[in-house]
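Dropping a structure here in structure tokens format, bear with me for questions.
Residue numbering begins at 1 within each chain, and the chains themselves are lettered A, B, C and D in the order written.
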Amino acid sequence: MDLGILWYLVPSVLMFACGVYGFVTRKNLIAILISLELMLNAADLNFVAFNRYIFPGQMEGMIFTLFAIAIAAAETAIAIAIIINVYRAIGNTDINEIKKLKF
Amino acid sequence: MFGNILIWFVIIPIIMMAGLGVCRNSSMNAIRTVMTVCSTALLGLAIWLCVDFLGLRAAGETAEMLYTGSWMWYAPLNIELAVGVDGISVLMILLSAIIVFAGVFASWKINPLPKNFFLWFALLSTGVFGFFISIDIFTMFMFYEVALIPMYLLIGVWGTGRKEYSAMKLTLMLMGGSAFLMLGLLGIYWHSGPEGHLTWNILEISKNGCIDPSWQRLLFCLTFVGFGVLGAMFPFHTWSPDGHASAPTAVSMLHAGVLMKLGGYGCFRIAIYLLPQAANELAWIFIILTGISVVYGALSACVQTDLKYINAYSSVSHCGMVLFAILMLTQTAMTGAILQMLSHGLMTALFFALIGMIYGRTHTRDIRQMGGLMKIMPYLGVCYMIAGFASLGLPGLSGFVAEMTIFFGSFEHTDLFHRSFVIAGTCSIVITAVYILRVVGKLLLGPVQDEHHLQLTDASWYERFSTVTLILAIAGIGCFPNWINETIQHSFVPIIESLTQAAI
Amino acid sequence: MDITLPILILAIPISMFLILGIGGVKMSRKTAGVLGILGMGTTLTLAYTVAFTYFFSGDPAFIVDGVRQQLQVFDVTWLAFTDTLVVHLGFLLDPISAMMLVVITTISFMVHLYSWGYMEHEPGFQRYYSFLSLFSFSMLGLVVATNIFQMYIFWELVGVSSYLLIGFFYKLPSAVSASKKAFIVTRFADLGFLIGILLLSFYTDTFNFMELTHNPEGVLASTGGATFMGASVLTWALVLIYVGGMGKSAMMPLHIWLPDAMEGPTPVSALIHAATMVVAGVYLVARMFPVYLMEETALLFITCVGAITAFYAAVVACCQIDIKRILAFSTISQIAFMMVALGVTRPGLHDGMGYMSSMFHLFTHAMFKALLFLGAGALIHAVHSNNYTEMGGLRKYMPITHWTFLIGCLAIAGIWPFAGFFSKDEMLTAMFANNWIWGAWMTMVAGLTAFYMFRMYFMVFWWEENPHYKEHKPHDAPWQMSVPLIFLAAVSCVSGFIPFGELVTWNRLPYHIHIDPQVATTSLIIAAFGIGLAAWLFMKRNHKPAAMKNAMPGLWKAANRRFYWDEFYMFVTHKIIFNIFCRSIAWFDRHVIDATMDGFAKVTQKTSVAVKGMQSGSIQAYVVWYFLGAVAVAAITWICLL
Amino acid sequence: MDYSQFSAMIPELIVLGIFILVFLYDTFAGSGARKADGILTTVLFGLGTVAIFFAGTVPQECFGGMYVSNSITLALKSILNIGVFIVLIQSLKWTDSDDMTLRRGEFYELLLATLFGMYLMISARHFLLFVIGLETASLPLAALIAFNKKHYESTEAAAKYIMTAVFSSAVLMMGLSFVYGLSGGSLYYNDVAAAVAGGEMSGMLIVALTFVLAGIGFKLSLVPFHLWTADVYQGAPTSVTSYLSVISKGSAAFAFFVIFVQAFGAAYPEAWEWMLYGIIIITITVGNLFAIRQKNMKRFMAFSSVSQAGYIMLGVIAANSIGMASMLFYILVYIFSNLGAFGVIQAIENQSGKLSMGDYRGLHKSNPWLAFAMTLAMFSLAGIPPFAGFFSKILIFTSVTASNSMALYMLVLIALINTIISLYYYLLVVKAMWISPEEPVVPQFRSALSERVGLWICVAGIVFIGLLSPIYQLLTDASVADAAQLFAWLG
């Protein structure tokens, strides 16, 4: 394995970790959504890096990434819609406000 | 398929359920008619089966199981609906039919929801009969569970006292037992034959005899404990006192009378028969447990004050005797076990019927609050005494024959271990006498405790009918035991053979 | 022999039981009584026919070259335990069973007749007669048993009939507890019997008496010299079987039920607890005698138990005030006498005369003891009390009772020419022959017997008139009760002259009785001394008895309380077994076993509450669980793979 | 391009066709005619179900093998169709209400869209198509969960669902990226399988396996990826909850089976058997422990479904063709049982708004038939014969023990012991309905025809499916036919 790939993999793992960290610490739903995007992009980065370094002869990783970006966009769209819904219901987007359903 | 007589033992209860389904909840007469007709049909069929079976045997029919039939059900897993009976099953079927018959009359005035009561009752009967006719362990297990679950509703809805607690406890403990059992049966199946010839059929498994010893040990423990829970084996018996105390009359009858026999029968038919090597090796563990049951149940019964508790503990003792005898692995002891099953089934059913009738009048089951009932309701008193005498092993009634056969069979072992347990077992008959006479003395004899009881009436016609049926059966076995011996002796040959072979 | 008569002998009583038991409710008293008496009368006739045919017809079926034969008139299979170990029900005819048939039917018929008067006003009259029939059936079945298991079956049945009859007055708590006690104590003894049978039949592979007794050496050999705790297996078996006999025959220490059994109606006491059932133990040993001869240890055990019991019961009888209790202890003492006589029997000593004398005493004792009990019944009937303190000076009011009772007392005291003299004399001779200690000891008991019987006699019929008689004048009983008294008194007078040795011996060869003058004189003197002492003390009202009582208050009280055996048993059963064992087991069951099962449920419930924080409602917490869960899975797999 | 390969996609095309028809009808019909949306969809879907069932079982593939159609996928699709059909019938009453006028069409359209996604998931033999299917299935669901705009719970549930779902799909993507790194450059299941079989056990493979397991486990509500389940089930409209609990779970379970057995088969004995082993145990146990305490019926059913998912996974860990057949059979039975329970819950909710277990007290007095149906459903879920649940449970246990491995016997034992706990809480419902002595809380009412039809179908299924063995035979035949391809790489 070419060591050069690590220059991409390590940041992507870090990105993923940041995303997770952001998800569990931020209070605002929008910020959390941004963290999610970070995680998704980390995965995309992985795909691209693997494709470029390990399987340079074909495009499967790249194409997967394209689909993944589209999917992420769709997810974001729906998430935003629901966040708006939340905002309408409780007047803010604080994640700590939406834990009525429990136990 | 419908040409096989055995199938009808399952079909009739189903017809019973269908018939009840079209009855209206309020029309008691229609419900009673359906129940009477169907339970009579069952009894008649059982008697016919018994007679015909003896006829076939007399005619020299030597196959292990008669009236066999098998229909492929779940072919990918070789699950069949296989039926067949030997002498033991025939007697068990007869017992069940008698008790179902008596149970219908004992619950003649059940209230509320008579229709639902009899629906579940019929489902329970389906399970019981199905269990006894099956020779495929899958279907056997299925019917076994079919018989267990209606208990929850029967006790929960129509019971008395802490019925919710008791019903739940009973159901969960029995299901716990059947969890172990299920695993044991799976193990048996996957070792039942050479690759590609796996089977659930008892006869074939036994014929193949290829379960290796290390697995046998595990499976034996699993299946024996599984069935043992239903057979009220120490220390898995505690569902019995609470369950019986809360159950309505007919349910107690059916449960103690027939359902607990499923445990003994299963231990015998599956644990011992299919796993002979482990049975030889590990019987001692369970002899200790069942030996404890026998004495322990009897001693516990001595200090109870609730009639049903007394009887429940007495059942622990008597059913312990069944398992104890089975584990002795001698033909005579096993014959005794079967006799004890019959005897215990009938007499406990009678006991519970009477307790229900007494409770229905006095509204208490506490023996300290009753007394002198013999004067007030002589018929019930006499019946209770007969049941008591049967229980303490009076010659001429069924208990004596069974216990004696067990003791003589068990005594064939010459080692100190077996003999000490047999002698401990014989002690239980004295303890039985103590608690039975204690109850009889407090409940029936002596001065009348409660003035209000003086107005109570004696048994009505349907109650008399129900009890007389049972008493006749008890006395019949007690006076003429040998025909039972003749019915079942053939059935032990293959079991004893496989045990001896395994011992070599 | 034709099997009709034997079958009828058994069938009539049992059908009477069923007819009176089931149909009794719809029947008048008179019908029930007449039916019962007729039934028993028929049985009596049949039994006499059978016995007389057996003894006196000289038919080669019954006697060959002077040897009386044992024959199984019929023997049908009842239950096959194994191929060889099969229980039969049959009818064994031999000297002792023929004799017992006579005894049982005679006494039973007398009691049936007597009860018609005695029980006239009691509720449950029909039930009473049906139980009597049940008892007669069981007892007859017991004595004609062809095998030890049949005997056990009927043994249990007589036990239950005894239970039913003792508890006949079921509204009285004392009767209920007495019946319970009787049943449980004998049941406990039967446990020994059962284990004995288990052992014996395991080794010999048969239950049949004839097979056992005709080849006792074979029985001994079959055990193969096995021993357990120092004694041979056969000894164990025989002793255990004898324990069953001890229970039924009220030997120490299992005697405690018999005095209490007097709670039953008096005719029942006469039938069951004096004449028939209580001698079942003696009969059992006699039946198995050749086998017992194989193990002298067992016989020694029997002798010792008998000797101790005889003395104990005699002493206690001296200090009772309830006349039925006195008779009960006297019964225990007399049965012990028979036991000792059996125990000392050896073929070499007077050709086994002890056996013959024991059977002889069984016969005569049945007659005079039944007479005494029925007489006591007449007394109780007259004064409505069991205690002699309520009686006194009755001889003028109840002449028939008085004279018959006196005959009974003389008979039991062993005064010539009454029946007891002959049988007792033979027994003492046999005992002296074995060892002078037994003879001397039992002679002393015989003296005590004379003393306490006459103590009672004088207290009841002499002493002084009870002031109550002025209000309620006692009188003799009606004819139904008097006839049996007179009949039995007559029998007690003459039965001593029956040539018993010609009829019943251990080897069924005739034996010529000859009175041993030395023994006879001694026992007569001792008996006369006992009677004289009793007369001196109790004939007229005086202060000597009270003075004696006060001189030894502890002894009197202890003897009056039967040396505290009942208290001891009460302590063991109630305090130790019931309170300590049963209660703790019941407690253990509820609080340990059951609690464990409930504990599983509780633990599940508790865990369920404990883990609920996992579902906190916060998305971030969910994600933490999710992510950490995934990491944990990966980590664990990773570690495991390494 | 060969258009004939689309003939393999008949089920998808039919669903798509219905989707378009409903969409067009809803768009162009007047507000009065829109009332017929539900009936139209249901009828069309019913016809579609029949058509799909007879679509032919010749194995076919398209898109270069990314998509396959064979007897087993068709069988599962038919099973799901039956479920969806029942859900549609049961939702008719709910969508009939006035405040649904404008949104009625959307409900059906979204429902069909998710079903389309699930079809893709089932038939996918390439990770890309699988991801597309998964997302197509899961995103419309978020909208469906939020469907009760006026209820706050619905909103909260949707927020929880979408946030965790996106998180989960991010984890899944991450996992897949590692899979990609390990594979020979191709994400076809078979190619991945070859790479896994050829390669060594590496940390990256374990992470990849774990992340994929977590991603699909999320859809299946396996513990500890299940935490959204209860809240979402409780908050979502009941029709959506019932849909989520059976259809979504069924398709994910199948995809799980195919991916792990076909693509990661070589890692079975060393890695994922044990992962799954642990996860099954905690899934069943935790689901049961939580279910004991629940008072809200929907929440109760949520935890029950968590526990049931554990049992479904037993089919996967068996990793053989009987396991596959048993799992499908389990899903089928589970659909009938669960929808039976939800049918009753929905009928009562529609009528009285009552959802608490306490409100079911004395139900047998006021509504005996509903109580009866609920009892059967509970018995079936608990695995009581002669109802179908017993057979599905016992068949799946049988398949697990087929390998005679002691560890798997122990797993079955634990599962069996857990059935006792589950029996306890199912009986709690029965107890509330039959045994509690109080007067009924829910008054007597006559439920709508659609509800009754739905319940009768479920009851018939519960009673007869177990007794009619040909269904199981059919599934076994199908899975055996598919076996060569599926189990090729199993170690």
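Everything that follows uses one rule, which is that a residue touches a chain if its C-beta (ideal position, glycine included) is under 8 Å from a C-beta of that chain, and two chains touch if they have at least 3 such contacts.
Bear in mind the structure is a predicted one, so any value in this text is a computation, not a measurement.
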- request: Mind having a look at which chain is the central one, using mean CA positions?
  value: B
- line: Counting C-beta pairs in contact for A-D and for A-C, the higher total belongs to A-D
Task: Would you kindly tell me how far, in whole Å, the mean C-alpha position of subunit D lies from that of subunit A?
output: 26
Separation of mean Cα positions, subunit C and subunit A [Å, integer]: 96
Task: With chain centres taken as the means of their Cα atoms, state the distance from subunit B to subunit C in Å.
output: 37
- request: Mind checking the centre-to-centre distance between subunit C and subunit D? Centres are C-alpha means, answer in whole Å.
  value: 77
Task: Could you list which residues of subunit B touch at least two other chains?
output: 172
Field: Shared-contact residues (touching 2 or more other chains) in subunit C
entry: 601, 612, 615, 617, 619, 623, 627
- prompt: For subunit A, what residues touch not just one other chain but two or more?
  reply: 23, 32, 98-103
- prompt: Can you name every pair of chains that touch?
  reply: A-C, A-D, B-C, B-D, C-D
Message: Under the definition above, what is the set of subunit D residues touching subunit A in their complex?
response: 127-128, 131-132, 135, 139, 142-143, 146, 149, 152-153, 155-160, 162-163, 165-167, 169-171, 173-174, 176-178, 180-181, 184-187, 230-231, 234-235, 293
Message: Under the definition above, what is the set of subunit A residues touching subunit C in their complex?
response: 20, 23-25, 32, 95-96, 98-103
Residues of subunit D defined as touching subunit B within the complex: 322, 325, 364, 379, 384-386, 390-391, 394-395, 397-398, 401-402, 404, 409, 412-413, 416-417, 419-420, 423-424, 427, 430-431, 434-435, 469, 472-473, 476
- request: Would you tell me which residues of subunit D are touching subunit C in their complex?
  value: 159-160, 163-164, 167-168, 171, 201, 203, 206-207, 209-211, 213-214, 218, 223-225, 227-228, 230-231, 270-271, 274-275, 278-279, 286, 289-290, 292-293, 421, 424
- prompt: Can you list the subunit B residues touching subunit C in their complex?
  reply: 169, 172-173, 234-235, 237-239, 241-242, 296, 299-300, 302-304, 331-332, 335, 372, 374-375, 378, 389, 392-396, 400-401, 404-405, 407-409, 411-412, 414, 422-423, 426-427, 429-430, 433-434, 437-438, 441, 444-447, 481-482, 485
